[in-house]
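Have a look at these structures, which come just after this line.
Look for chain A in each of the two complexes below; its partner is chain B in the first and chain C in the second.
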Partner chain A sequence: MPRIDSAAELEELRKGILSKRDPNKPYIAICAGMGCHGLSNDRIITAFEEEVKKQDLKKKVDIRATGCHGFCEKGPIVVIYPEQICYVEVMPGDVPEIVSQTVLGKKVIDRLIYTDPNTGEKAAHQSEIPFYKNQMQHLINNNTKIDPKSIDDYLAIGGYSALSKALLEMSPEQVLEEIKKSNLRGRGGGGFPAGKKWETARNAPGEEKYVIVNSHEGELGAFMDRAIFMGNPHSVLEGLIIGAYAIGSHQGFIYTRHDTPQLKNNIDIALAKAEEYGLLGENILGSGFNFNVEVHFDIGIFVSGESSALMKSIEGKNPEPRAKYIRTSVRGIWEKPSNLNNVETWANVPLIINKGSEWYASIGTERSKGTKLISLSGNIVNTGVAEVPFGTTIREIIYDIGGGIPNGKKLKAVHFGGPMGGSIPESYLDTPLDFDELAELGAPIGAGSMLVLDEDTNMVDVIRFFLDFLSNESCGKCVPCREGIRQMLKIVTNISEGNGREGDIQLLEEISEVAAAASLCALGKTASDPLLSTLRYFRDEYEANIK
Partner chain B sequence: MENKKIDRIINKYQGKPNSLIQVLLEIQSENHWLPKEALDRVSKKLNVPLSQIMQIATFHNTFSLIPKGRHEVHVCTGSSCHVRGSTRLLDAVQELIGIRPGETDSDSKFSLDTSNCLGCCNLGPEIIVDGKHHGKVTPAKAEDVLKNYE
Partner chain C sequence: MKEILLQIDGKEVKATEGMTVLEAARSADIFIPTLCYHEKLKPYGGCRICTVEVEVRGWTRPVAACLYPVEQDLKVRTRSEKVDRIRKMILELLLAHAPYSIELQNLAQEYGADKDRFEKESSFCILCGLCVRYCAEVKKKHAVGFVKSGAKREISFIPEISSKECWNCKECFPLCGTSYLQAAFVLAESLAFSSASSKNATEK
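Moving on, here comes the complex of A and B:
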């Protein structure tokens, strides 16, 4: 493959790819995301490959092992295009029938389509299934259309057109301005405006600057970044290169999970292909802009997702955070300005450049723009990844998309943001998904995990669980975090075992105040957030166990 | 672990000292633990003091300084698995194989560890054996899963 050296060559290549593709040619999209992987989807992929070979259909049917479709609960998922017939819980034994009946015969197999457990209604097409119907997808929808290992698939859906536009038609200042106007806020947990962060890094003194993709995704119950990065790695990479151009960086880092070989593999292939096509390396698209990317892995420790700790890890040191009197966007890796954004934030960038900041800012609420990927887990009917515009109410997410609570149970609370997040009770379900509104309720969105808790849940036990997790994951560098969490855990454990003492709640509040004020990084600063949110809404559960 | 294999991994990173963590990770994933001889070699080749290597190797749970069993069993103790009963599942697994998290049994058959969320919450509670996920495992079903490993 010769490298692409101009916008015209890129479009020519795209045309070439599309001209070889027949939009009416059937293709089978088999979900190869994490959830379906855990359900042995490899057997389904092999079965389809064998069946297509057996029936000698290689020229008539395409097979794609795609990224996560989001509907993990009903995996393994298989979608037959162009009709978009969606089959759920597919077993290898179903495969010959799917090929002959649906792919060739265009008939729907009733047994394999989705049935709504509440109404008994059946839905043959993806767009009719309530889980999908109630979403607004701008990021995850491409997952079903591409093989993450194929750059041609990404080009076929318009990939790298935003990069071409940014590098060849816009100045770095214009790109930055566009991101600022879009009001894109960081998806990793802080919700800090991405454009502002980029600007700080851009204006920071020094020639050498770095950009980083944070794909650590350590938040418990969060798996949307994996869904995007594994399923559509080029979209994240495209966003990263555009960001680097705006900031004036020529070296990028991807910091990702060591324990997900499929993710690593897809990233490696994407980087190699992008380089081969001239989308990475020297003189990208003939623009004169140079940019390279290095991949680094976390080592299974929660705190390495924190920006300053992550940067230490990239330097080859232990991921211990530092106090951030000076932001990492000014002084990060090797003391150089380093702009870090989360996977989902980067994935939004090509969208904004392509469709414009005005379009982007028209989605969402006043201060939270665009869509948000949510990982639904816990006591919920539909575990999975959903994408909704900001402003969607928590009730809509849980009931219309998530299908409600299993086993006829009632909802007790929804916990956002993992071990450093917070819970809201049932009475607040009509709150819209919004960075600021949820933060005010003491339950910040975090990276986007929503742990749904049913009426049987003991809230004190949930908090004990989170504190136990954090006390293991605290790096131990600063005392307020290391000792504070340990003492809070001790007291909460006593209470959960029915041995609470008078004054325990006050003591918890006092310790959490000190930890929040004096810890070095967010792990210690916000370790008590779940505790405080439950003291706010479920105080009676603590008091009931205090003698 | 043979020196040749260690050298191949080190050479891949062109001897850059900041690749220390990546080198250790590759040795760990190929060899399942970090033998002293391997660490000595890494120290020499990357020109990093052994004390610094030990600081890294003991900081992260992923690294093991003792040999692991033939099969690595992980019980997910993420938040979703927790509310779906992973505590009882972990108890059952400990009972079945007779070791606690972080330990390896005397026959070197199983090593047991807990793991934080792996993003397969649809499967919870789950056991992961040598990277293979076993979903919706009740304490009673755990025996069926583990008896298939020799």
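Moving on, here comes the complex of A and C:
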């Protein structure tokens, strides 16, 4: 593959790829995402490959092992294009029938299509399944269309056109302006305006600057970063290169999970391919802009996802946070300006450049723009990853997309943001998904995990679980966090075992206040947020166990 | 060096750029308690007892004085109801580990901290890291280090290094605000050094 040196050559290449592709040629998209992987989808992929070989269909049918489709509850998922027939819970034994009946015979196999457990209605096409129908997908929808290992697949859906536009038609200032106008806010937990952070890094003194992808995804119950990055690695990379151009950085880092080898593998392939095509490295697309990327494994401890700890870890040191009185975007890795964004934040960037900030800002609420990936887990019919515009109510997410609560149970609470988040009770379900509104209710959305809890849940136990998690997964450097969590965990454990004592709630509140005010990093500062949200809405459950 | 004027407890203080609030306060004889700070070491920010309130552009927030850089016109309050509450709690949390530490007892008196507020923990270490950092930064030996994370964090002598280096040094001993360090050393000595040195002996 000769490298691409101009916008014209990129479009030429794209045309070449598309001209060799027949949009009516059947292809089988088999989910190879994290959820389905656990269900040994590799056996299904092999079965399809063998069947296609056996029936001598190699020229007539394409097979793609794709990233996560989101509907993990019903995995392994197989979608047959161009009709978009969606089969759920597919077993290797179903494969010959799917190939003969559906791929060749164009017939739907009734047994394998989705049946709504609530209404008994069947849906043969992906777009008719309530889980998908009620989403607005701008990011995860591409997962079914591409093999993450194929850069040609990404180019075929318009990949790298935003990079070409940014590098060859826009100045770095214009790119920055566009991101600022889009109001894109960070998806990693804080909701900090991305454009503002980029600007700080851009204006920070120093020649050498870094851009980083945070792919640690430590939030319990969160798997959307993995879904995007594993399923569509080039989209994240494209965003990163555009960001680097706007900020004036020539070196990027990807901080990724050490326990997910397929993710690292897909990232490595994407980097190698992008470099081969001239989309990464020296003189990208003939623009004169140079940019390289290094991949680093995370340290498997929750706190290593925190920005300053992550940067220490990239330097090869222990992932211990430092005080950020001087921001990491001014002084980060090796004291150089370092702009860190979450996987999903970066993935939004090409979209904004391609479609414009105005289009982007038309989606969502006043202060939360675009779509958000949500990981649904807990007592919910459809676990998985969904994408919705900000402003969607929590009720819509849980009932229309998530299919409600299983076993006829009632919903009790929804917990957002994992161990640094908070819970809201049933009565707040009509709250729209919005950074600020949920934060005001004491349940900041964090990275986007939504743990749904039914009426049988004991909230004190939930909090005990989170505190226990944090007591192991913090670094232990500072006293308010290390000792505060230790004591809060003891008290909450006593309460959950029915041995609460008079004054325990006040003591919890007192420790919380000190941990929030005096801890070194955001872990300690927000460690008691889940506790405080439950003291706000479910105080009676604590009181009931205090003698 | 640029000169910076700030206010600490209502008093005008002259500092230079790059100084921390703690350094500026000390230069003006204003006392801020510290447990993990040491002149010879890089500021660490672990104990948080040095928490003070700063006011920047009308906005008050608690910060660690040993880390917070001085700024022109910064207003610092080294005591306030909130600061005192924070220090009291920190002391109570630490006294659960080291109830006999004179340093902690003195501060506890000042801030009205109750040494029996929390159930006693068997470890006597307050994890200020003075020994670990002194050995790494000043002696460059790394004979003692932190192990494990979160609530399980501990200091530990590395037998391979400490069996060679510590005998003639022991400079970290007087830095310890509790008696834990010496106890840990003696323990490591009795349990691990003999095997570490006998291993060395057999290797030779």
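What we mean here is this: the second predicted complex is superposed on the first by the 547 of 547 C-alpha atoms of A that agree within 3 Å, B and C clash if a C-alpha of one lies under 4 Å from a C-alpha of the other, contacts with A are read in each partner's own complex, and residues count from 1 in each chain.
Simple rule for what comes next: a contact is a pair of C-beta atoms (placed from the backbone, for glycine too) under 8 Å apart; a residue touches a chain by one contact, two chains touch by 3 or more.
This structure is a prediction, so every number in the text was calculated from the model and none was measured.
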Task = Using the superposition described at the top, determine whether chain B or chain C touches more residues of chain A.
result = B
Query = Just chain B (first), just chain C (second), both, or neither: which does A:123 touch?
reply = neither
Ask   = With the two structures laid over each other on chain A, which partner does A:374 touch: chain B (first), chain C (second), both, or neither?
value = neither
Query = Can A:85 be said to touch chain B (first), chain C (second), both, or neither?
reply = neither
First (chain B), second (chain C), both or neither touched by A:217 = first
Request  = Have a look at where A:478 lands relative to chain B and chain C in the superposition and call it first, second, both or neither.
outcome  = second
Task = Pick one for A:301: touches chain B only (first), chain C only (second), both, or neither.
result = both
Message = From the superposed pair, tell me which chain A residues show up as contacts to chain B and also as contacts to chain C.
response = 301, 318, 475
Ask   = Which residues of chain B touch chain A in the complex?
value = 17-22, 25, 29, 55-56, 59-63, 78-80, 82-84, 115-124, 126, 131, 133, 135
Ask   = Where on chain C is chain A touching in the complex?
value = 44-49, 51, 62-64, 67-69, 82, 85-86, 89-90, 93-94, 96-97, 118-119, 121, 126-127, 129, 146, 148-153
In the complex, chain A residues that touch chain B = 34-35, 37-39, 72-73, 75, 217-223, 226, 258-261, 296-297, 299-302, 313-318, 375, 377-379, 383-384, 415, 418-419, 449, 451, 453, 457, 462, 465-466, 469, 475
Remark   = Seen from chain A, its contact residues with chain C in the complex are 301, 303, 318, 322-323, 325-326, 470-480, 482-487, 489-490, 510-511, 513-514, 517-520
